[in-house]
Amino acid sequence: MATIESTRPRLADLDMPVGKRARLHRLLYGSGPANGTLLVLPIDQGLEHGPRDFFPNPDSADPDYQLRIAREGNFSGIAFQIGIAAHHMGNFPDVPLVLKINGKTEIPSAPDPISSVNATVEDAVRLGAVAIGYTMYVGTPRQHDDFVQFRQVREAADRYGMPVIVWAYPRGEAIDKKGGRDGLYAVDYAARVAYELGADVIKLNMPKVDETSLRGAPKEYAELVGISQEEGMRMVVRSCGRAFTLLSGGSKVGDEDLLEKVNTAMNAGATGLIFGRNVWQRPFDEAVGISRRIHEVLAQHGDDAA
Amino acid sequence: MATIESTRPRLADLDMPVGKRARLHRLLYGSGPANGTLLVLPIDQGLEHGPRDFFPNPDSADPDYQLRIAREGNFSGIAFQIGIAAHHMGNFPDVPLVLKINGKTEIPSAPDPISSVNATVEDAVRLGAVAIGYTMYVGTPRQHDDFVQFRQVREAADRYGMPVIVWAYPRGEAIDKKGGRDGLYAVDYAARVAYELGADVIKLNMPKVDETSLRGAPKEYAELVGISQEEGMRMVVRSCGRAFTLLSGGSKVGDEDLLEKVNTAMNAGATGLIFGRNVWQRPFDEAVGISRRIHEVLAQHGDDAA
Amino acid sequence: MATIESTRPRLADLDMPVGKRARLHRLLYGSGPANGTLLVLPIDQGLEHGPRDFFPNPDSADPDYQLRIAREGNFSGIAFQIGIAAHHMGNFPDVPLVLKINGKTEIPSAPDPISSVNATVEDAVRLGAVAIGYTMYVGTPRQHDDFVQFRQVREAADRYGMPVIVWAYPRGEAIDKKGGRDGLYAVDYAARVAYELGADVIKLNMPKVDETSLRGAPKEYAELVGISQEEGMRMVVRSCGRAFTLLSGGSKVGDEDLLEKVNTAMNAGATGLIFGRNVWQRPFDEAVGISRRIHEVLAQHGDDAA
Amino acid sequence: MATIESTRPRLADLDMPVGKRARLHRLLYGSGPANGTLLVLPIDQGLEHGPRDFFPNPDSADPDYQLRIAREGNFSGIAFQIGIAAHHMGNFPDVPLVLKINGKTEIPSAPDPISSVNATVEDAVRLGAVAIGYTMYVGTPRQHDDFVQFRQVREAADRYGMPVIVWAYPRGEAIDKKGGRDGLYAVDYAARVAYELGADVIKLNMPKVDETSLRGAPKEYAELVGISQEEGMRMVVRSCGRAFTLLSGGSKVGDEDLLEKVNTAMNAGATGLIFGRNVWQRPFDEAVGISRRIHEVLAQHGDDAA
Amino acid sequence: MATIESTRPRLADLDMPVGKRARLHRLLYGSGPANGTLLVLPIDQGLEHGPRDFFPNPDSADPDYQLRIAREGNFSGIAFQIGIAAHHMGNFPDVPLVLKINGKTEIPSAPDPISSVNATVEDAVRLGAVAIGYTMYVGTPRQHDDFVQFRQVREAADRYGMPVIVWAYPRGEAIDKKGGRDGLYAVDYAARVAYELGADVIKLNMPKVDETSLRGAPKEYAELVGISQEEGMRMVVRSCGRAFTLLSGGSKVGDEDLLEKVNTAMNAGATGLIFGRNVWQRPFDEAVGISRRIHEVLAQHGDDAA
């Protein structure tokens, strides 16, 4: 296989309807790094994992905490559910809202998860959001329901010029048997699916490129054993096409490991980061501090299109 | 884990659309204690358990009985189903109506319950209700259907400015295996789910904080062994965010036990009580009597915002 | 348990929207006994059981036969499906129509029956019906679908002022294990469910009060062993609240047994009877004859509100 | 059991909305025998069985072949699916169209078949059809879905004055255990179901009245052992009420057997025939020839209402 | 069985609404061979198989590559999903778009596949497409859902005058047991189903006519053992009726094998080819080169209707 090339899309180069363009411009050039890269703060853990994720830092149970970090840490935007948006955004009109419109709990843990739509694009418009977030589980037996549900959301988003950020998550037994949910095959496939179905921005995990993950996958991936982490990420970014790529943070890791992930992703062509627990599970000043270090990296990857 | 703080939300401090604000004002300051706390009388047992719950006090089979208690006992409002509302509210225009819009029977007892919507927000508007009630079963295999059903209700409620009271009930085998439906983990999670999905008021049971319940839960809760009942309740109130918290009464207990529950809940930051059988399974004068004793507690927790 | 009281509702005392009031007035005071009691002739057996129910009296296969009985026997109304209504009502504009809007066949015999809606309230309006009939199976695994289906019917009925008669039928394995589908627990519960969900008139079977039926039920019913048939029926009438109660006839029995059932039901507070096979499985003159004997009983239970 | 009487309905005697009356008049008096009887040519085998049914006569694979037979053989109308109607009716505006709006393939062969709606009544109106055809499978576990699907079709048909021809087909294991899908019990029941649910014309198979079929059925049918084929058919016609009865042809049989079926059906009160393979699996001249012999029989059964 | 005849339909001869006629004219005479034959380039593999299909030629991961081939290779049109269309068509307004509106991934591999609708006919209209593509799986247990889903698409297509290209794919265990998904029985049946349900163009695989495939099928096909590949293809073309037939390319084969397939199909009456991997898995010049060789064949089969 030849060298993999990937390029970070620039909004100015994209074919994009005016409403989406205006809202994406706000995210990419009107807030956060404001140089065409992204740094987004998500709080979907209260729904996805329950309040226990707030225990390491009890302040984090109040969404105002994350909103203050988003403001002080200069994030591009914040992502959470309708109930939080309705009760907490009023005092933070300066923080761009990504309304996460679906979600599920960790109980019961299902082999065929589907993330239920609990808010609409119309809600997002009403609340002044700049984008919506949608979790798509690729590879599960309920994929049909998921695709149909996504189509309805995507249609509404096209109607209102609302950008769509897809949390592209491989899941299910079939995925587990082909290198696992974080393996390159799974992440790469999920990225392409999200792109083909109409995502404007795609959030995904750093793909695993270790031998076990690759050998479990279809033979085209098994033959890639030996590629670097950055090459793997570059493939995934390429599969996102002209959609912007956001790297997930996952559970909390050390600062240097985190910054290495940031560097790898940005070098590979990602547009930015969406880091939650790695930010808000810290005390306020620390949270703002790590954000600044991330900003330093992002500053090296921006364009001058603003 | 640090000391848990929780505060009772004051309507005046909340970001709230005008229709919801007006109706919640009626509940919080225009009836019942009228000091920002709540005392609600529910009669959903005829549907949920059948007429047998009326046997201890046959008068209670006629909803006029509960309506007279609500009036004489100075309740904030009364909650029941559409059929009762249509036939009985006509003579009690002074009693605020919470239209319970879903429900199910106790037969068959299903491992994956869902509470079926049998009335609409439009029905509630037509009947002059000040809020709707919705039972959400968190943790069951049918959670997807429940979330989608709730979204439709929530959207209509937003359209009409109708406050939403969620009966947040953990259920299902997965819950049973993690400390039980009344364990702190389950109640705390259900509270947060209801909040994130858009509840204005959340009704829940006093969480169990005994060792067995906590040890069965995820490790973050297992580490809490030893906390007090009030601390447990305080956590749950915190997970309700800026939604008002209502404590359920459950099956009938002795007066002092009941009042202790009331004190614990109110000290922990709950906004009020929703007590059914503990009130109307008594003869009329007794029912009014216990209501007065509860009022005495609520008087100590009100604000002066009216 | 104290003495059970129940009273037959009088239309004039009820809180009732004008369209429903007008149509119920036609049924209660404008046809049949015309004294506030009811005598309804149903022919849903062709769908529910098949043509074999017509074999004892081949004339009965032609719905004109039942329409002539309804006219000559002075029934309050006749109940059947859309196909029969469309083809046969044209020559009988004087007979009030209860359009039965759902139904199912006896094959296959399912443990989780649901009665499928095959006509709408709009059909009923178009055909000049005075009420619709809906079969609700309480206690089956498909109760959720049934409740949702009923809500849609009930909403349309409210929109058009169309009275709703619920065939309240307990069914399913869970019911079989708690005293059976005709046991007092089951019938009593089904009556209350129909009332809470919005029935205006409730059709049910005479509840069994024998020891076996009661002992199989929850303990509150087991404690009732020894009550009389009339007391059992009185309980059920009470659970119907302010809805009118109609006693089903079931399969054909002897004249004296039938009249005893009529007396028991009316003494217990029922509003009337809905008898099919017990009437139309007889030759014409006999059918009119037994109707007259039933009228004699009903005449003793009417009010003077007309 | 007394002698079974049945009469062929005359359109002029029926209570029928004007649109349905006009279209049925076209079928009954404006084409084909034009004397109140019917001869319909169906081609649903391409979908139901696949192209193999055309192998005995390759010309029959082109629907123009059947359309030419319908024209030359003077059929009352032709029945097929939307795709054929859209591509082939343009050159045959003189042949009345019965748009078959549902169907299924023979693979997989399901124990719980449902015939999927693939066209609408609106399509039928747009194409100038005089009726729609709908296959209803009576007795299967999916009967609920079928009844609901049929209701939607029937409502649209009522809205547009479009006559509904129901292919009334008993199916499923429960049916197999009660004398089989062609046994008198099953066919008789299916006929009544179609009538009660709103069919204007009912297509069914000649019921089997042999001892095995009858003894397997409920006792009321078991007692009929010994009745003649014509008596069996007469019962079924009676169960069709005021709907017109069409006899199916089924797979190809010899000429004399076919004509005997015709005679039996017409003597029993059927309104006509719907014969496909028995007609178009023959060379053109033969097909027209057998049609003429059938016309001779129908001429003896017409009325003079035209 | 007699000699099988089949003819390639000419648009001018077809009964076709004006919108469909205009768009099909663009495909058949306004682009590509422009002589009434078709050469279409599909890229649905990114969704159906994942990015691994792009590994043999990494350039192919960027849909602009295929668009350039379509332009330089003079294709009639290009087919892909909504996400690609939205991001890539803007620079290629000269390439006619076939919007593929449904799709699925290869994980999990289901015995009852259904291709989920992820875009609408309205999307196709908005994007200026000349046709939509729909995958129909014939023979699976979910066929009912598929047929209903297709009807909704077909109705919208009729409303907007949008031609419908059906990917007619036999699938499922029942198919596997009757000669396999590529056997003549399966392909022939699927072709007819697509035609009867309303396809304007039908895409299918070259049917297998080897002894094993035929003997596994129903006896009418088993009797065909010995027919040639072209005769088999001719049968399938005949079953497509007046719909245009497109031959699929499948996985990559050698040039001569490919051209032989082209010749066989065109001689049998197919209207054209829809070749993806066989074209774009090659370097650009080679891809254009093979396209030219295919054009040479198509030039021999065109009509002069333009």
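Read from first to last, the chains carry the letters A, B, C, D and E; within each, the first residue is number 1.
One rule holds in what follows: a residue touches a chain if its C-beta (ideal position, glycine included) is under 8 Å from a C-beta of that chain, and two chains touch if they have at least 3 such contacts.
Worth saying up front: this structure is predicted, and the values here are computed from it rather than measured.
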If a chain touches subunit C and subunit D alike, it appears here: none
Lowest number of touching-chain links that must be crossed from subunit C to subunit E: 2
Rotation, 0 to 180 degrees and nearest 5, that superposes subunit A on copy subunit C via CA atoms: 145
Gap in Å, rounded to a whole number, between the CA centres of subunit E and subunit D: 36
Between subunit B and subunit E, centroid-to-centroid distance (C-alpha), Å: 58
Residues within subunit D bordering two or more other chains: none
Going round from subunit A, first to subunit B: chain order: A, B, C, D, E
Residues of subunit D that touch subunit E when the two form their complex: 46-47, 50-52, 55, 58, 61-63, 80-84, 86-91, 103-105, 107-110, 114, 116-120, 123
In the complex with subunit A, residue positions of subunit B that touch it: 1-2, 4, 14-15, 138-141, 143-144, 147-148, 150-151, 154-155, 158, 172-175, 178, 185, 188-189, 191-199, 218, 220-221, 235, 238-239, 241-243
